[in-house]
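First subunit A sits with subunit B, and in the next complex the same chain sits with subunit C.
The block that comes next holds the complex of A and B.
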């Protein structure tokens, strides 16, 4: 078990290395310059050169790359070129916002998606199934920015129930929670559609299994047959695909945070991209990589708990 | 046998399946009786409809929309076919339980076997969890599973085929049913394990005073366990009688061929396979269904379906044939 976890973490080092390197070079291929972005178009060439020197941008590319790699190896992701704060501190500031948003979205998706999928499977090709299919189709085909804008139009402007933007921190705990609902649902609805689909598929796969007939043979309630036997076995593929989906969820979280002007990793990375803040961009990429890897690992560990036949090797 | 003595009385039971808009009888007007405290074996090749017949008794045929069951199933004074599903569920797992063939797939792979048995016990209203657990351990002990405490925590894939089949038997016994339907319980097992499971089944049936329907294509197993035998061919019962009569003086040519196709140590080299295969249900011969494969078939066999014939020497035996072996009692109907 411990060996499995360590092995998995070690095997991610090449992934992180390649992702970080790709971002390092891609960012520098992009037109634009952090010094100009910071100082503005009107700045003199002299001021720009001084800042470039300070940021180490005057050095040859490979030297910069070497500095970056040795820094990462020491666990130092560097300081943001724009704010001057350390990348770790910048991330730590906003990470809770992204965390609560994704947790809300996942909770929302699982809480409504799994029952929807089960009902669709049990009533397949009847009205509940059609309703579930339409919800899934809409959820999967509408991008987060579309749903988000619709949400703002409906529930913040037409019926002003929720705040239009921000994290709601200024109005205290209740306001904070209230402000989480629109972006959370926006992010969660696609996940809900995804979960409902995979739940429907895997429940339909489990239903004809012989052990389901055995459970019915015992004469227990149909609810117990479904929850205790069918769902227990259908859970595994749902967990696996949800883990795989997590990467897409993080991507959607970026868009959602921008639409609702929420603080978070997404807003941070967009800002870093716009100001050509190479260091912050690289650091965030590494952090995203680690998050995806850790979630993948957690998915595998949960799967092993759910299905005793799986061996962690 | 008098009707009061019988636990299960099946009359004109048909199971029809919908196939491309056509209704096809996979079980065709079956009459069967099972007395209390006895074992009835239903014998036949694969595809003869014997499992369908058994599953229709407990209404576990699968997709209910695809199957139409008609006829009468009298069980212990109740008519099962008309019962609503809720009442049927009360009977399943309390009065009738089933032992399935493929114990690996018939047990839930992600639940420890002890809990799966406890679930069956909970149906009969055991007072507490602790009492349920004790009963579960007693059942594991009854089906001779060593160190029950430890085994109760095992998952199905951690047990051998024989052990799993013992778990299935324990599960079927849990509710102390009056009827156990064993659907080819030994088919997927080694020969030595087969005989262990057979004697276990025979013992638990006797000790608990239950009746059993034993479905098999293995005549050796049938000889070891059955009191009565019904031979099934292409959805119909072709011969019924006591196990002794059927296995020693088979009347129907199909039963005779089936016995000759069974390897026997005292008659080496005499193996004779039955030519051809069981006809498909969508191209069933209209008269005698066995006629195309029968060595003694004559013209009449392809013209009208035979009625069951009875015999002077053994009154309980019936064979659905125009020309059965042995002296006929009276030509009925």
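The block that comes next holds the complex of A and C.
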């Protein structure tokens, strides 16, 4: 088991290396100058050149690349060009916000998506199924910024239940949770749609199996049949899909964080892109890579726990 | 979906209302929403970004200042200095400091040494991005703790303008700067009505009232300055009552839509940012003045003002924003005349019209570009527009990659600065001291130079006026209009002065600002 985990983690090194290198070069190929972004448009060429020197941007590309790689090897992701703070500190500042948001969204998606999928499968091609399919379709086809604005209009303006500004600095735990709900649901709705669809499909696949018929014939309570026999066997694809979906979730978090004015990794990466903060961009790419790999690993481990037939090799 | 969300919200969190935080205390808290996503620098010498400048204007003072609500250089009044004199040749200026001015958070009394330190720091390119503003400074000295003496290398259009409270001219605490060893931004200590309390990264800055402020204790107790980059979110947060003052949008549509929001006042104020169509004289085919004139004749100004919105822009025939010291509207104007434009193109050797490949920013002016395209097309000029990402555009236009650069800007309200940066040949792209002369204009050089050292204010004005006329006659740039600053505020908020303009581009929050 430990060998499996270590092996998987080691195999991520080339992935991270290629992703970080790609971002390093792509960011520099993009026209745009961090010095202008930092100094503003009234800055003279002189001031821009001085800052470029200070940031090391006047050095040859390969020298910069060398510095970057040696930094990464030493575990040093460098300092943000704009704020001057270390990338790790910048990320540590906002990571909890993104973490709680994504966890909320996943929780929301699973909690409502799985039952919705099961109901749809059990009543397939009848009203509950149609309703579930419409919800899935809407969830999958509406972009997060649209759902977010609708949510604000409905629950902050029309029925003023939730705050518009969703950052986590409000007073007390209750306020904190309350500010988390709108962005959490916005982000979670697409995930819910995903989960509901895959739950419906895999439950429908399991339903005609012989062991289900046997369980029913034995006179086991229908709820137990569904939860104990059908769902347990249908769970595997749901977990896999959820793991794969995590990357998309991180992407949607970018938009959700901007609309609800929350700090987070997404807002950080947008800011870094706009100000051409190469160092922060590189660091964030590495961190995103690691997150996606770790989530993939966690997905495999959970699958193994759920299905003892799977072997971790 | 709505139904599902409602049910879920209700099921999940029923009863949440009852444990919501208690209503606001008697304390006056001002909640401001700004369009950036994070603070740049709280060091007044290190940021030219509006979102930072608005904040530093509340935290620091300068030797002199514009009275709140105006940016008229003829009304500059005492701030940290209570009086000043200058030598007959205008080269030595002596400022007497106001006694008993205290720095924030117990950093002691302001002395001449702090002023000398701040101004020297602001003139050093290593510690200031505004060093060039102070290029004329020879010496800054403190003959005694209450006196500051500035000696100039040569005469300048206005010394008071250079030391007016804004950006690099804001006075910081020497002690605080030395303590933080160059990371001043972490501990910004000024003398203004509000003092820095905390910055929660990418969320907000919290300021508190400076009880020892020399004009009296501010009525507002705390300010939350929130970074809300999404336009829609700021509008909605105001509608939900979570903001009292916020950055609006420079669009007629926005102003009209927001007017219906209960409790809102829309503030439209200066300085206007002049929208210029810069024509690059160093490139073909715009090196031919007839082609530039043809473009000028093809533009219908009235249609532009109407399109962008009469409430948020002001028609401006000149190449300096309205109201600047040295501004004149007595300049030649190219009449809208498509036939004339075609005729000029024909004379220049383009009887079938021509195509110009133009780069535009995807962040500003996007819709008006289409109008420009349509107007030029009528005269046979095909503007092949490529909209690119804003930071990319900023760097491409600084490499002469677009023959037409549509740019908007405001500078300190003295004609010299605007004319120098946009139209003096020293500031042309590619020059060592390049700034934003995208047109490679040189028509106004002599007059701009002469005005800079002229001692007679009347003559100085004449030089500036002449420079504007020559630049327009040479069609270095076609002025479109001035875009005003547009903010929204609660009708319960009383700024305490009439807001006509603000040098920081955002409303000043003073000791008198309060809630009604």
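To be clear about the criterion, the second predicted complex is superposed on the first by the 311 of 313 C-alpha atoms of A that agree within 3 Å, B and C clash if a C-alpha of one lies under 4 Å from a C-alpha of the other, contacts with A are read in each partner's own complex, and residues count from 1 in each chain.
One rule holds in what follows: a contact is a pair of C-beta atoms (placed from the backbone, for glycine too) under 8 Å apart; a residue touches a chain by one contact, two chains touch by 3 or more.
Just so it is clear, the structure is predicted and the values come from calculations on it, not from any experiment.
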When the two structures are laid over each other on subunit A, do subunit B and subunit C clash or fit?
fit
In the overlaid three-chain picture, which partner chain does A:144 touch, first (subunit B) or second (subunit C), both, or neither?
neither
Between subunit B (first) and subunit C (second), which does A:179 come into contact with in this model arrangement: first, second, both, or neither?
neither
Check the residue A:284 against both partner chains and state whether it touches subunit B (first), subunit C (second), both, or neither.
neither
According to the stated criteria, A:119 is in contact with first (subunit B), second (subunit C), both, or neither; which is it?
neither
When both complexes are superposed, which of subunit B and subunit C contacts more residues belonging to subunit A?
C
Return first, second, both or neither, reflecting whether A:216 touches subunit B, subunit C, both chains, or no partner chain.
first
In the overlay, answer first, second, both or neither for which of subunit B and subunit C A:154 touches.
second
Take the Cα centre of subunit A as the vertex and report the angle out to the centres of subunit B and subunit C, nearest 10 degrees.
160
By how many Å are the closest C-alpha atoms of subunit B and subunit C apart after the superposition?
32
Using the touch rule from the top, collect the residues of subunit B that touch subunit A in their complex.
58, 60, 62, 89-94, 97-98, 100, 102, 105-111, 119-120, 122-123, 155, 157, 171, 174-175
Residue positions on subunit A within touch of subunit B in the complex are 208-211, 213-221, 224, 228-229, 232-233, 306-309
Touching residues of subunit A toward subunit C in the complex: what are they?
30-33, 36-47, 50, 82-84, 90, 93-94, 108, 112, 135, 138-139, 142, 147, 149-157, 160-161, 163-165, 167, 169-172, 174-175, 177-178, 181, 185, 189, 258-261, 263, 267-268, 270-271, 274-276
Interfacial residue positions of subunit C with respect to subunit A in the complex
1-2, 4-6, 8-9, 12-13, 16-17, 19-21, 37-38, 40, 47-49, 125-126, 129, 131-132, 183, 185, 200-204, 226-230, 232-233, 236-237, 239-242, 388-392, 394-396, 398, 409, 411, 421, 427, 431-436
